[in-house]
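Next come two complexes built around chain A: one with chain B, the other with chain C.
What follows is the complex of A and B.
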């Protein structure tokens, strides 16, 4: 039963989803005035998402509570995490996300921390620029030349050196061609490949070949 | 000089960090005014869409980003939203990211106040509404926007009390033919490519997403693209209202220049070392 029930539930959901997406009459099926079956399924999925969110909160609390209880390394950070996450969450639920204190905490703590983490990339790239980006072989040379051209075109200095009004549209024209032709082509190829991989994986799940998500 | 170049790759990273910090901070404090060139294929179509819209037309926008992309995308949102108010358009905003809703909630009020100070009508509920993040079922919004959003906006107002929302019961191509999404990742433009393929979609994205979005721009699935901070600066230039993006572009330009110089010097150092065995 531990295997069959989750598998059957999953199969029902896949069939329902496919049916209501692909079959016109099912898509338009109305139970009562303003009550579309497809809408009800969509709402049910939203509640499932909410359930998964709740499960995440329980799991998060369990993991950090375990760290505190067993005094694992850096357990103090787990204590901070639990207290802050629950306090901020409960306050937000009671007061709403438009509350001045709630939004101030977001604006002066969360937002700057997020921006700071992202900003550190500038220093990582600077560090990598003179130590890692090397022209070791043909492939890396091609990559370096292309990266150089796009980067120069992205900075105002590029326009000062080779104007977009001149031959070939300057660095800007070359960048546009690189992004619009080879990059777009490769990007599409990757997208199509990922999509086909997704479809193949879905069929593996439907046919019961792929069972790892059921902890088998 | 040769010895310096040979040993360049062994230079203390702290020196590099200091150079980078100076390149980023000094232009912010003392703008240089480097030239900004408008991209005709990406930025111009977004500007032309708003510029050529008639007063009273409804446009939607989506704020799907967080603090990490705030510096790049908020100037885009700011310039675009000001332009809407300037042209007398009616803007309705949603968010697929809760963080985006929190950021835009304050920002839009600030821009609306600036537009009103400049003599344009930007009254909340009449000229613009911000619904925010509602954990929405996006496809259902096409049929019943009110119900899907719980009949309330980001600020807690009931849709019944907002005159603009009386015209926006559904979000379809008939309500609004075009909209823009300011996105930093997923969920992002994909939501709209699937569910609003009959509308004109415009995108404002962070610079790292530009390469990925180029393919959907070339296939005309999206009609225009604001590319990172540069896109925002270009929009500000077209609008004739220099803002944060214009001054920050100097810092970004110098930062990129430092990286280019480092790559060149690092490679010269590598080649010289290789030659010497």
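What follows is the complex of A and C.
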């Protein structure tokens, strides 16, 4: 029973989704008040998400309160987290999303942190590129030459030494060809393969062959 | 008034009287159904013990045992993650297969497994999968729910926390499986800096170069799904993978034929007409 019920529920949901995607009258099924059945299902999902969010808040508070109460390691961080999260949440509920202070706090705290993490990519790309582009064999040599061409075309210096108005469109023309022809071809081949894999994987789940997600 | 407007509105047009009037609707439906039939045929043949075409070996899959073994020897944990995860994502389903396998290996070798999540719903599923794997390995007492951690749904908050975990816990092996965005390099490079053995599998074409530059083994595109089936060592599941290869050949022929028809007889490209139907 523990195994069959989740699988049957999942199967019903898959069939419903499939039907709503393809069967026109079902997709356009309108209730008396003009609301589409499909929209109602979407609303139900939104409310389920809201319920999960509420559960998350309760759980979050419980976990951090437990840390503070038992004076676990780094309990001070739990105290900061609870105070800040609740204060910010209550303030947002009272004042609304458009309140200047509410949006300013987000802008000056969250966005700089995000930008800082994102900017680390520049350094990580440099160190990863150093390892990848070391000329060891023919493949890495080809990769390095192609990367060099694309890199030079992306900086003003490339335009200075070989203008896009000259033969072959300069570095810029070569970069465009590399990205639009071999790179796009390979990328689409990978995408088609991935799509096929995804569909086959979905069928394995639908047919009940693959049940590890149900911890079987 | 609204009733008059409703009655005056044009009745919706359907293909064959019931299929939604969207381009590709019929062709996509047929494609899905054919794929399903092929999967079923592959599975039935495997069940009946009939011969099936052999699946090519993927080097990355053999690295799983090696990576967990190395972590065991070093006495360091194994870390496994997927950023763009969600209940209902097909790559998340594949990720769960890998997770079940890695968790079982870790349980057998008595190695700590840390799983980090960006989805709170998936976190509950992951706890169950890992608990079950420890149970199957006969070591339910070794399962620690605190090692299956929900981090954040925000991209860089998640990446920052995982980089912190990598720096503090120093996992000897990392498995990055699923769909990733810009955070892929942040995590993989952090792992490379602590000389962790890293296996990545993704269908995100934009992140493949970063994984190739930083990871020891990379499974690209459909290899991720095939690997998920292959790891089960179950001939029935593996039999279903054959459908992928058959359809790939069909699509390859269709692409070549379609390109030739579009070039030499654009008005008679029946492949294009079928795909758009």
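The rule we apply is simple: the second predicted complex is superposed on the first by the 159 of 216 C-alpha atoms of A that agree within 3 Å, B and C clash if a C-alpha of one lies under 4 Å from a C-alpha of the other, contacts with A are read in each partner's own complex, and residues count from 1 in each chain.
Everything below uses one rule, namely that contacts are C-beta pairs under 8 Å (C-beta built on N, C-alpha and C of every residue); 3 or more make two chains touch, one makes a residue touch a chain.
Just so you know, these numbers come straight off a predicted model, no measurement behind them.
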{"item": "Simultaneous placement of chain C and chain B on chain A, clash or fit", "value": "fit"}
{"item": "Which of chain B and chain C A:212 touches, first, second, both or neither", "value": "second"}
{"item": "Chain B versus chain C as contact partner of A:107, first or second or both or neither", "value": "first"}
{"item": "Partner chain(s) touched by A:127 [first = chain B, second = chain C, both, neither]", "value": "both"}
{"item": "Chain B versus chain C as contact partner of A:47, first or second or both or neither", "value": "neither"}
{"item": "Touching partner for A:167 - first (chain B), second (chain C), both, neither", "value": "neither"}
{"item": "Touched partner set for A:204, first chain B, second chain C, both or neither", "value": "second"}
{"item": "Touching partner for A:25 - first (chain B), second (chain C), both, neither", "value": "second"}
{"item": "First (chain B), second (chain C), both or neither touched by A:193", "value": "second"}
{"item": "A:117 touches, of chain B and chain C: first, second, both or neither?", "value": "both"}
{"item": "Least Cα gap, in Å, left between chain B and chain C after the two complexes are fitted on chain A", "value": "6"}
{"item": "Intersection of chain A interface sets (partners chain B, chain C)", "value": "34, 110, 113-114, 117-118, 125, 127, 129, 131, 187, 191"}
{"item": "For the chain C and chain A complex, residues of the former touching the latter", "value": "2, 6, 12, 14-15, 18-21, 25, 29, 31-32, 35-36, 39-40, 43, 90-91, 93-94, 96-97, 99-100, 120-121, 125, 128-129, 131-132, 154-157, 159-160, 182, 185-186, 188-189, 192-193, 203, 205, 208-210, 212-214, 220-226, 228-229, 232, 236-237, 240-241, 243-244, 247-248, 251"}
{"item": "Chain C-touching residues of chain A, taken from the complex the two chains share", "value": "21-25, 27-28, 34, 52, 56, 110, 113-114, 117-118, 120-121, 124-125, 127-129, 131-132, 187, 190-194, 196-207, 209-210, 212-213, 215-216"}
{"item": "Of all residues in chain A, those that touch chain B in their complex", "value": "34, 36, 39, 42-43, 45-46, 49-50, 96-98, 103, 106-107, 110-115, 117-118, 122-123, 125-127, 129-131, 133-135, 144, 147-148, 151-152, 154-157, 159-160, 164, 172, 176, 179-180, 183-185, 187-188, 191"}
{"item": "Interface residues, chain B side, partner chain A - complex", "value": "8-9, 11, 13, 16-17, 19-20, 24, 34-37, 39, 41, 66-71, 98-99, 101-103, 105-106, 132, 135, 137, 139-140, 143-144, 154-156, 207, 210-212, 214-215, 217-219, 230, 249-250, 252-253, 255-260, 262-263, 265-267, 269-271"}
